[in-house]
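Dropping the structure in here first, questions after.
Naming follows writing order (A, B and C), and every chain is counted from residue 1.
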Amino acid sequence: MKIHIKNGRLIDPKNHLDRKADLFIAAGKVASIGEPPQGFNASHEIDANGLVVCPGLVDLSARLREPGYEYRATLESEMEAAIAGGITSLACPPDTDPPLDEPGLVEMLKYRARSLNQAHVFPVGALTQGLLGENLTEMAELSDAGCVAFSHAEKPLDNALVMMRAMQYAATFDLPVWLRAQDASLSRIGVAHEGEIATRLGLPGIPACAETIALSKILRLAEETGARIHICRISSSEGAEMIRQAKKQGLPVTCDVSANHIHLSDRDIGFFDSNCHLVPPLRSLRDRDALKRGLKDGTIDAVCSDHTPVDDDAKLLPFAEAEAGATGLELLLPLVLKWAEESKVPLIDALSRVTSRPADVLGIESGSLSPGAAADLCIFAPDAYWKIEPKSLKSQGKNTPFLGLEMKGRVRYTLVGGYVVYRANPS
Amino acid sequence: MELPQTRDILEKLAKDIRADLTGDTILVGIHTGGAWLAEELHRMLGLSTPLGMLDISFYRDDFERIGLHPEVKPSDISFDVDGADILLVDDVLFTGRTVRAAVNEIFDYGRPARIRLAVLVDRGGRELPIEARFTGIKLDLGEHRMIDLLRNDTGELELRLRPGN
Amino acid sequence: MQRQLNKNGELQHLLTIEGLSAAMLHHILDTAESFVGVTEREVKKVPLLRGKAIFNLFFEPSTRTRTTFEIAAKRLSADVINLNISASSQSKGETLLDTVNNLSAMHADMFIVRHAQSGAAHLIANHVAPEIHVINAGDGRHAHPTQALLDMYTIRHFKRDFHELKVAIIGDIMHSRVARSQIHALTTLGVPEVRVIAPRTLLPKGVEHLGVHPYHDMSKGLKDVDVLLMLRLQNERMQGALLPSAQEYFKYYGLTPEKLALAKPDAIVMHPGPMNRGIEIDSAVADGPQSVILPQVTFGIAVRMAVMSILAGS
């Protein structure tokens, strides 16, 4: 299939490209930019006039709820949501049921995902068996089965010895370790950022030091073991500053933030809006602003959707009892565009946080429009508004703090491997 | 329509009551106009018996439609109601519903020997079988005019007509 | 966001003191004053809520609070249905909103809700039909508005004016819904100085943003105080990582006659009950001349009658 994408604004952060040009696709790859390759005969044309053509988005954290939580969402529904959000590669955390701690489970997930012919799924394997924080998993085998990294998801890993051994073992095979920095004992009963708002609402708090204490442990152990570390969903101002310092010292550490956390703070909880019950908790306005700055100056490498579909039954409960999480795949692009506009970040830099930079964290080839690269593309209307409401979302998770808001940035086409896998209904 | 002087109506009412007064008649005014009137009559008649006050907000039959009155005042019945000879006082007698509520409330304080009713104005329009024993004046106002009792800064009472809704 | 007021500015639900105007609080207290008279009569009952069905929905056991609401509702001639929904029946799969929807179908007019989770009353208020009223009878650590209102009634009764007072709230502020509602009520009614006195483990972070001055030392915190609001210390807090022992707590934070002598000579002492004698309060103080703990209970009925009738009439 040969596709000619005409008149679009091509933005490719990896190659510092931002100009109006045509793009030619052949054999599932980017064939050329500007002029067609010799003898190119398009079998399909896309008029991208007024649209942005960029690499497909790379999402570092999306829960697809398989295996184990199919009543919340299925691979089919969530993969539909991913391509509707322009996401062509996504990493899924290991906290499925059972956790991704055996090669068979990983192979099954990869197989199921591949058979849908949509976005590429990159499983993150469990760092310890059953995510219980005791025994290491067969990381080398899991890596062969397709795991790109190893993490402990949201499960506590407070035993420093186990953490150190896990890092040493992962470093042996040069496997990256992804960790969320949160001290379990300081956050066990908490459901909201410890501060004025939690105090006013009478919600048990999670102090910011739950993050910094865990983070300092992780960073020191990383230094000790030489493991490649990625910090998932940083949430506090102090935490971001520690990453900044670690990077300055040359530690091989990267970091992401959830798209929710660069826009929201604990104030958005209002009177117990359980859609704002998230993990990590929404912190203060000061923290949120520090995360925005950290993202802008590169301390934070990537924005992820932290997609966690939760059904109504689990959300229509008192705040603390409601399950944490929000749908996010279809909101990632609009939320990044909103951040770019508010923080005066050029579009090309903003898009790097959801394309080339997370692709580097994942260690995958996608995330660029280089000739010869896989034709994974997102074509979107940057100024088109749409309303976030249950019926406008493909994900089975309909809960998000942004419900009811109008957002700018609507995906028109998503291409994976040179095939149009998503095309918006003309509205 | 020309109203007679309020003072003249008051004098007439006081005269009628005085003729029928027993030594232990106790005046109970209904908040707000009836309470002013009861105070004034108490003074004019030179009574030494206690003076009661009722706020019938908790006994109204239109709570369902209009809710609780925004300025509820405590009722003040500081005498023993059992066996008392009560003269209930209100400014204007219209449908009779206020008086019904007041009688109900009195019975929640005890069992009086007798309750009689005195009003400054009887404007007709009764919806309940209630009549006043003493009446200052009877007026036919029709449906669309209202009459209120006002009290000025010097404590003087005055009836005022106004268009209704 | 849940609005407690309807579009006419009347109280639709009572979920929290936060956000209510001083005028609204005084209106409730004034109405309660009228009901105090009713409760002293031969017949302690008015026909105001005749035919109304009021459901006491207690997801957390509390005989005492439930009883005061029950008496208040009965004195307004309402029909009261008590439901104690234990955690076990909840775990059988019926959600909080299932329970509420079922009861709504039985033509409930009002729900009095007590729940161990902060925000439970808001959740219910957000999901009931518009003609149903919800009163928060305590949600987690968040709010207990009728308790705070009866405390304000008691303070107004004994001190008349709020604008010259120093008030201290003493004890487990961290876990107390009563303290949070008292703080909002006192600051709204114009009390110029509200203090909270507790060891650091029992003071929540950022409490000063609620408009109070934190103290850790009773001898400083009680100086020149007009009103002492004692809080109950739950048994499970008396040992472990929050406090070393009940004995040490009593020694440093228990209200004894000696400590009370630091406050103004005419200071009043209040407690929401039930009291832990010898832990947060000495019997000599609880039963002493400055204690107004029993009047609090009496006023509590009238305040709850006032709240119910104002809601039912809106």
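General observations
In this section, contacts are C-beta pairs under 8 Å (C-beta built on N, C-alpha and C of every residue); 3 or more make two chains touch, one makes a residue touch a chain.
Keep in mind that what you see is a predicted model, and the values were worked out from it rather than measured.
Comparing chain C-alpha centroids with the centroid of the full set of protein C-alpha atoms picks out C as the closest.
Of all chains, A has its CA centroid at the greatest distance from the CA centroid of subunit B. No other pair of chains shares as many C-beta contacts as A-C.
A separation of 76 Å divides the Cα centre of subunit A from that of subunit B. Rounded to whole angstrom, the centroid-to-centroid distance between subunit A and subunit C, based on C-alpha atoms, equals 45 Å. The centroid of the Cα atoms in subunit B and the matching centroid in subunit C are 39 Å apart.
Counting partners per residue, subunit B has no residue that reaches two or more other chains.
Residues of subunit C that touch subunit B in their complex: 10, 27, 30-31, 33-38, 41-43, 45-48, 309-310, 312-314. Across the complex, subunit C is touched by residues 55, 57-59, 63, 66-68, 70-77, 81, 104-105, 107-110 of subunit B. Residues 194-196, 198-205, 207, 270-274, 313, 316-321 of subunit A are the ones touching subunit C in the complex.
Residue ranges on subunit C touching subunit A, taken from their complex, read 1-2, 15-16, 18, 95-97, 115, 117-120, 122-123, 127, 139-143, 177, 180, 204-207, 209-210.
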